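Per-chain numbering from 1; labels A, B and C assigned in written order.
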Amino acid sequence: MHNFMKLAALTVLLSASALAQNAVKVGFVSTLSGPGSGLGVDARDGFNLALKHLGNKLGGLPVEISFSDDKQDADTARQAVDKAIKRDKVDFLTGIIFSNLLLAVGDTVFDSKTPYISLNAGPSQYAGSGCNAYFYNVAWQNDNLHEAMGKYVNSRKFSDVYILAPNYPAGKDALTGFKRFFKGKITAEVYTKVNQLDFAAEIAQIRAARPKAVYTFQPGGSGINFIKQYAEAGLLKEIPLFLPGFSADADVIKAVGPNMVGIFNTSQWAMELSNPTNAKFVADFKATYGRNPSLYAAQGYDAALLMSEAVKDVKGNLSDGAALRKALENTSFISTHGAFKFNKNHYPVQDIYLRQVAKVGGSIQNRLVGKVFSNHEDAYAKDRKMK
Amino acid sequence: MKRLLPFLLLALGLALPFILTAMGQEYYISFASRVLVVALAASALNLILGYGGLVSFGHAAYFGAGAYTAALLAGKGAGLPAQLLVGTGVAALLAFVFGWAALRTRGVYFIMITLALAQMLYYLAVSSDSLGGEDGLRISRAALWGDLTLGDDRAMYYTALTALTLGLFVIWRVVHSRFGEVVQAARDNETRTAALGYPVRRYQLVNFVIGGALAGLAGVLMTQISGFTNPSLLSWQQSGQFMMMVILGGVGTFWAGLLGTAVLLGLEEYLGEVTERWPLFVGLILLGVMLFAPKGLGSLGTLFGRKKKEVVE
Amino acid sequence: MPLDLILEQLLNGVQFSLMLFLLAAGLTLIFGVMDLINLAHGSLYMIGAYLTATFAPHVGFFPAVVLAILGTMLIGGLLEVTIIRRLYARTHLTQVLSTFALMLIANEVVRMIWGAQPIALSAPESLSQPVQLPGFKYSAYRLFIIAAGLGVGAGLYYLVNKTRVGMWLRAGASNREMTRAMGVKIGPLYTLIFALGAGLCALAGALLGPLLSVQVGMGENILILAFVVVVIGGIGSIKGAFIGSLLVGILDTAGRAFLPTWLTALFNPQLAGSFGPALASIAIYVLMAAVLFFKPRGLFPARGTG
């Protein structure tokens, strides 16, 4: 029996090297059309830039990448993932921006035993008791940036903070994350409509409640609407507004303009973080695409680096799934925000920074202010039951 | 030829998984299941819109109601028969209530009131914690026989094919019954039909409920294909898509639902592979079809066209 | 609740209403006179906002608005002459699918020209400081939108009721064949109305751009609201669109402003917190359903016969 096992293992090894995989196949499913496409396009451009820097190779093997558009629709995402697995037989999947889409494809991915490298969505469902051996997140757990802002606002000793978010799961998670580290008084916790256009009513309520600070998470277009209207109401100077990094990154700054100056936000990444990876990433992103990179782009870049390191660690032998997963788990590489390390639940353990929107030279961009968390772990890792 | 068409299509439907497997395109079996299920919902809309002359812009409500009912039941451990039965029933009930309220109006106002009712359901699903909000509900696939579940592509495909065949058969029978004749007569001239002594509104309501029930059936199967349900199934965009499919296929022609769905989803799938600018090309093609064949693709070939009828609003 | 807050929220409601009215006015005209369901209306609104954002850094905000209106009218006119006029005689369903196709095309073209990321458009410097009203400060820019909305309303009222073009318009909306028989040249009139509608769209897009995200697809969610307004008011009626937008805007704002407080008083905050926004979201649809239930043709039906 023992010998038989050895023989089997040897056969597998031989056939694996005989088939000597000559390319890494990556399925990149993201939102590339419609209103949410700005995010997906940034992530993809970041990913592509990393490939360019790696000479179109991942860990020394040439790359075959198939991009598909999930149209920000859960079932389309599931189909695209299904196709990448069944038809293209990809070695890695990545790309999905929105958590609700990721949750829709999760089972399909995990059943197929294909490693999924999440470059954005980090739902709590995959961080605690539901975390999965095939799921790796290179960005953050969804609550992290909210937690960081909770801690920062707490450290500023604001007595009354007004918090608001849209009335859907990610909105509720955002405020829960904030409250996990903010110990002061919450003036009001308000839930707004999903995809809301006009916030005049909410802004008037805020003004009347006279809080010392406001924290909000509004995704996509609603976020831009809120910030524009909050600034336009002249409130920015009276009651400071605090945001998670993804509500105040290059894409939002570009849309809102000079009114954003002064807003604080938290992120695991910033343009000025000094490490060789980031310097190269930021400079070449600007040169290649003619705009400032956002955290989505940085996350896309990191996802490619992670894959490359893992492929290098297994010496290009992708047929041994267990070894590949081990390589991913124990990875160490210099990401756009420094040395990268996974927690036991495959979410990053990382520093989270405070940034402030400011005029730097001629352009308006985020300026690094300080560090809020060192080696921050998410709140769910302790419940991990790796499947 | 025309008599043979349904049987030819059914034969093609039965053979498709084997053809795809032989071509090494097994992935498309799952895509084909989706086309069949969406086609069932679109055909149900065609019964309301094409034959009944009532432009319902809230068809997603019944589709989604079936889907959510099935997902909730699946969460409680109910099997496929219960999901199908209750899902269809709930959709029918909902169609009855919504139809009753909406049938007071006509034309554009009917469009908008059906939209309004569906939007209420959408916002309910988005903001309700017990319905999973925007994340929706995940289910495990229902068991069919022993170890075989609907998670298996072929099992799912043949289940969908059976449902669509049955659904189309029901629609065929309805359309060609005396009941269906009255509904179509009311579409063409409501006043005259009423003058002949038919309780037009009641006929239209029953027709509306049949369409809603079939959409609910499709919704139940959609959760089985996806493994989840979410509020986008209830959105006005989803209602709009059903409408686009029926119009593209040829309003009031028997195969409109299937033809429109196959062409629209096929185009999106194919163009989506080629370019992320697919909406541009889908738009150009739809516009071209509407300018040059305003009655839809069904009017292009006599092979498909049964009877050409204008919808009178 | 203090009185000045109630007043301020009322003003917010009026302001949101007039935002909707700018969009609904063009929609109801085109719908009423040409009997055209135009889903591409939201695309013209988007184009107006994008053009304003493009011109504003070079020529300033107000000249940019004028240029955007002219540009969008031109685009609208061309669209009418080449495509839209082929749709008048078609069924509503054909119109829906065709204009939906135009919407897809417009979104993609805008994305090709301006990119996938939202672009910037800010309120003019001169209107950036809040104004002191009795009891509270209010955004100057929002007051400007109120003024513009009222101005457009008055202008349209004059145009429709006091001018020759307006007479044709009313005639066209109430009986198309008769108008044609009376010798009114329908072709150019329709092109003019469509261009006018496009101009109103552009104005709406330009004025809302500084408050809302200027991005691809921005016209679609607001289009549904505009349709709700048009239908509540009665198709083809400017007065109806005006009253309809006031109802929708004030109800929506009041729902968001006051419902949570009331519900908290009645239920526990947890329940009120998630129930409130859901109720506020569906309030306008309940309103529309209720209006249509009792007045199946809207509040001010323009057309004499079905």
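Quick notes on this one:
Heads up, the rule we're going with is that contacts are C-beta pairs under 8 Å (C-beta built on N, C-alpha and C of every residue); 3 or more make two chains touch, one makes a residue touch a chain.
Note that the structure is predicted; figures quoted are calculated from it, not measured.
Between B-C and A-B, more C-beta contact pairs are found at B-C.
Centroid distances built from C-alpha atoms place A farthest away from subunit C.
Separating the centre of subunit A from that of subunit B, both taken as means of CA atoms, is a distance of 36 Å. Work out the mean CA point of subunit B and of subunit C, and you get 32 Å between them.
Multi-chain contact residues of subunit B (touching two or more other chains): 123, 126-127, 277, 279. Residue positions of subunit C touching 2 or more other chains: 107, 111, 274, 277-278, 281. Contact with two or more other chains is made by residues 33, 167, 194 of subunit A. Within the complex formed with subunit C, the subunit A residues making contact are 33-35, 37-38, 41-42, 166-167, 189-195, 197-198, 200-202, 204-205, 207-208, 220-225, 228-229, 232-234, 251-252, 254-259, 291. Touching subunit B in their complex are the following residues of subunit C: 31, 37, 83, 86, 90-94, 96-98, 100-105, 107-109, 111-112, 224, 227-228, 231, 235, 274-275, 277-278, 281-282, 285-286, 288-289, 292-293, 296-298, 306. Across the complex, subunit B meets subunit C through its residues 49, 55, 101, 104-109, 112-113, 115-117, 119-120, 123-124, 126-129, 236, 240, 243-244, 247-248, 251, 277, 279-280, 282-287, 290-291, 294, 310-311, 313.
Residues of subunit B touching subunit A in their complex: 25-27, 30-31, 34, 123, 126-127, 132-136, 138, 222, 225-228, 230, 232, 272-273, 276-279. Note for the complex: subunit C touches subunit A at residues 2, 5, 8-9, 12-13, 15-16, 19, 107, 111, 116-123, 128-130, 136-137, 139, 141-142, 210-218, 221-222, 252-254, 256-257, 260, 269, 273-274, 276-278, 280-281.
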